[in-house]
Amino acid sequence: MKTTRIVEAVLFASETPLTAAEIARASGDLSAKDVEQAIGELCHEYEAEDRSVQIYPLGDGYQILTRPEYAPYLERFDSITRTNKLSRAALETLAIVAYRQPVSRLEVEEVRGVSAAGVLRNLYERGLIEVVDRAEGLGRPLLYGTTKRFLDHFGLRAVDDLPKPENLEIALRTEG
Amino acid sequence: MKTTRIVEAVLFASETPLTAAEIARASGDLSAKDVEQAIGELCHEYEAEDRSVQIYPLGDGYQILTRPEYAPYLERFDSITRTNKLSRAALETLAIVAYRQPVSRLEVEEVRGVSAAGVLRNLYERGLIEVVDRAEGLGRPLLYGTTKRFLDHFGLRAVDDLPKPENLEIALRTEG
Amino acid sequence: MRLPTPVTSQAVEESDRFLVDLERFQGPLDLLLHLIRSQDVDIFDIPIADITGQFIAAIENVEERLTLERAGEFLEMAATLVRIKAQMLLPRRDDLLDDADPRSELVRRLIEYEVFREVAYTLADAEADRALHRGKGYVEPRTLPKSSELPLELTIEEFLEIALSLPAPLEKRPHRAPVLPVTVDEKIELWYKALKRKARVQFGKFIGRWKTRVHAVMSFLACLELAKRGRVVLRQDRPFSTLWVYPSEDDEDS
């Protein structure tokens, strides 16, 4: 059985991103490296054949997803997983958590100038942030960080994929 | 956008069979007949390219599924096989609940030495165990027992009909 | 909750242009940034008097629509602005360093917040882009059978084999009330013994010899019984402080 086909079958059957190491579990003869190579070949193949799906890197894993141009056709179907867009408060809070992690509620509130308890709880319940540690000091406040699901939600491979603050247009404006 | 690709995207995104008429909902320009034709083309294409998936008619609908020869590779993934076979962990936990009921999560964990929360939830969702009581003491933990469905499955009338642990070996030998 | 509005008449007129829907803003920093950026003023040299006036005017008009918590956040910023404005009016000493500008901390916060506000926009774009990619299971199943309805694939032999492989059951913990290993009378004897040698005995020390709760309870009941009989005096200065057990004065006679 060809490696590409085995990898394709596994990716096809999964509803969540799988890492190369996880996919390699499909067969005792497979290494994570074999899987990475097979994924590269499959990507080319899907591209060449103009398929409606492609393999996308998400977090440290991969998942087969439909291409963006087919989104309008799928919109017409009822979906249980239709994504609820996050509010601006949620996005700003996530931005702070992503860049400053591990970060406490107090730090988030200092940056945004508003209470953060409700937003943090909401993000936690959606699985976008998690408690990663406790700070030293009074009350040993919880410290938050982003999750794998955060990367998946935004289609990122890693938190480092986010633009560096110094590369943001805004930074140029303040220096000018 | 080619009809075959639209149909492919819709079939991919669905976990259950869809009828041609349902798939046609993807676009106002599509009829069920167009969809049937596209499915025929896709079947040929997948065949010719020796893909690991194929479109199968199921009931009055269609579904993309992995080909049977890839089943052995997928069996290694508990999360992505959708049969109602219990995992080893689930079976062990079920046995503990059956023989020790009413039993708390903590007691199950003491026997198996690993966290039992996920497995218990799984068994609960499968309707094999239920909450029968709350224990006295700290936190009043839930106590689990087996359900009628569990008994029905084995054709037992009551939990007491289960072979006694001391007779288990005999029971296995005589029935096996 | 009325605000003091020490605003120049010019600022009040100006502020009409900035009547804004506060719901649009994430908080006081967001509103302040909007006021600064929309007028193209230098963030490092904020015209604090004007901006303060505009800020207060903006929140005044919608004050009653805000929840107390949100209103408090905006009011706190208004107070900060007023304070900075007052400090700016004080004569500056020559030897004052640049960073002693009363606005500097506010500027730092504004720039920091603006960076994250920008990142949030980047995230919103990423989110929208990701949402165009649909995974397996996106299309809602017609009838997904609940796993509790699917036939179970398990034979009694398989089940029993697993049950057999489990470690032997631990001894069932008895759930009935334990037979009391100690009695009040026994504890009374022990109290007599302990008090004979000492002027007073610490209750905690007395019961510390036994691990189980029943000993503590019986010892305490014994104490109460002895106190009732007038054999001991119990003393505790404050709730939860050390409980001392004294032999009664006339106990020596008995």
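Think of it as A, B and C in the order they're written, each chain with its own count starting at 1.
Here, a residue touches a chain if its C-beta (ideal position, glycine included) is under 8 Å from a C-beta of that chain, and two chains touch if they have at least 3 such contacts.
Note that the structure is predicted; figures quoted are calculated from it, not measured.
Q: Point out which chain occupies the most central position, where each centre is the mean of Cα atoms.
A: Chain nearest the centroid of all protein C-alpha atoms: A.
Q: Could you let me know which interface, B-C or A-C, is made of more C-beta pairs in contact?
A: Between A-C and B-C, the larger count of C-beta pairs in contact belongs to A-C.
Q: Could you grab the centroid distance between chain A and chain C? Build each centroid from C-alpha atoms only and quote it in angstrom.
A: 29
Q: Just curious, how far off is chain C from chain B if you go by their C-alpha centres, in Å?
A: Distance between chain centres: 40 Å.
Q: Quick check on chain B: which residues sit in contact with 2+ other chains?
A: If we look for residues of chain B contacting two or more partner chains, we find 9-10, 12-15.
Q: Chain C: which residues touch two or more other chains?
A: If we look for residues of chain C contacting two or more partner chains, we find 134-139.
Q: Could you list, by residue number, the parts of chain C that touch chain B in their complex?
A: Those residues of chain C that touch chain B are 134-139, 141-144, 146-148, 150-154, 156-170.
Q: Quick one: which bits of chain B touch chain C in the complex? Just the residue numbers, please.
A: Result: residues 9-10, 12-18, 22, 61, 83-86, 88, 91-92, 94-96, 98-100, 110-111, 125-128, 149, 153-155, 163, 165, 168-169, 171-172, 175-176 of chain B touch chain C.
Q: Flag every residue of chain A that touches chain B in the complex, lowest number first.
A: Those in contact with chain B are residues 1, 5-6, 8-10, 12-16, 25-27, 49-53, 64, 66-67, 69-70, 73-74, 76-77.
Q: Given the complex with chain A, which residues does chain C contribute to the contact?
A: Checking each residue of chain C against chain A gives 26-30, 43-44, 69-70, 73, 77, 109, 111-124, 126-140.
Q: Using the touch definition from the top, list the residues of chain A that touch chain C in their complex.
A: 12-16, 56, 63-68, 70-71, 74, 77-81, 83, 85-86, 88-89, 91-92, 94-96, 98-99, 110-115, 152-156, 162-163, 165, 168-171, 174
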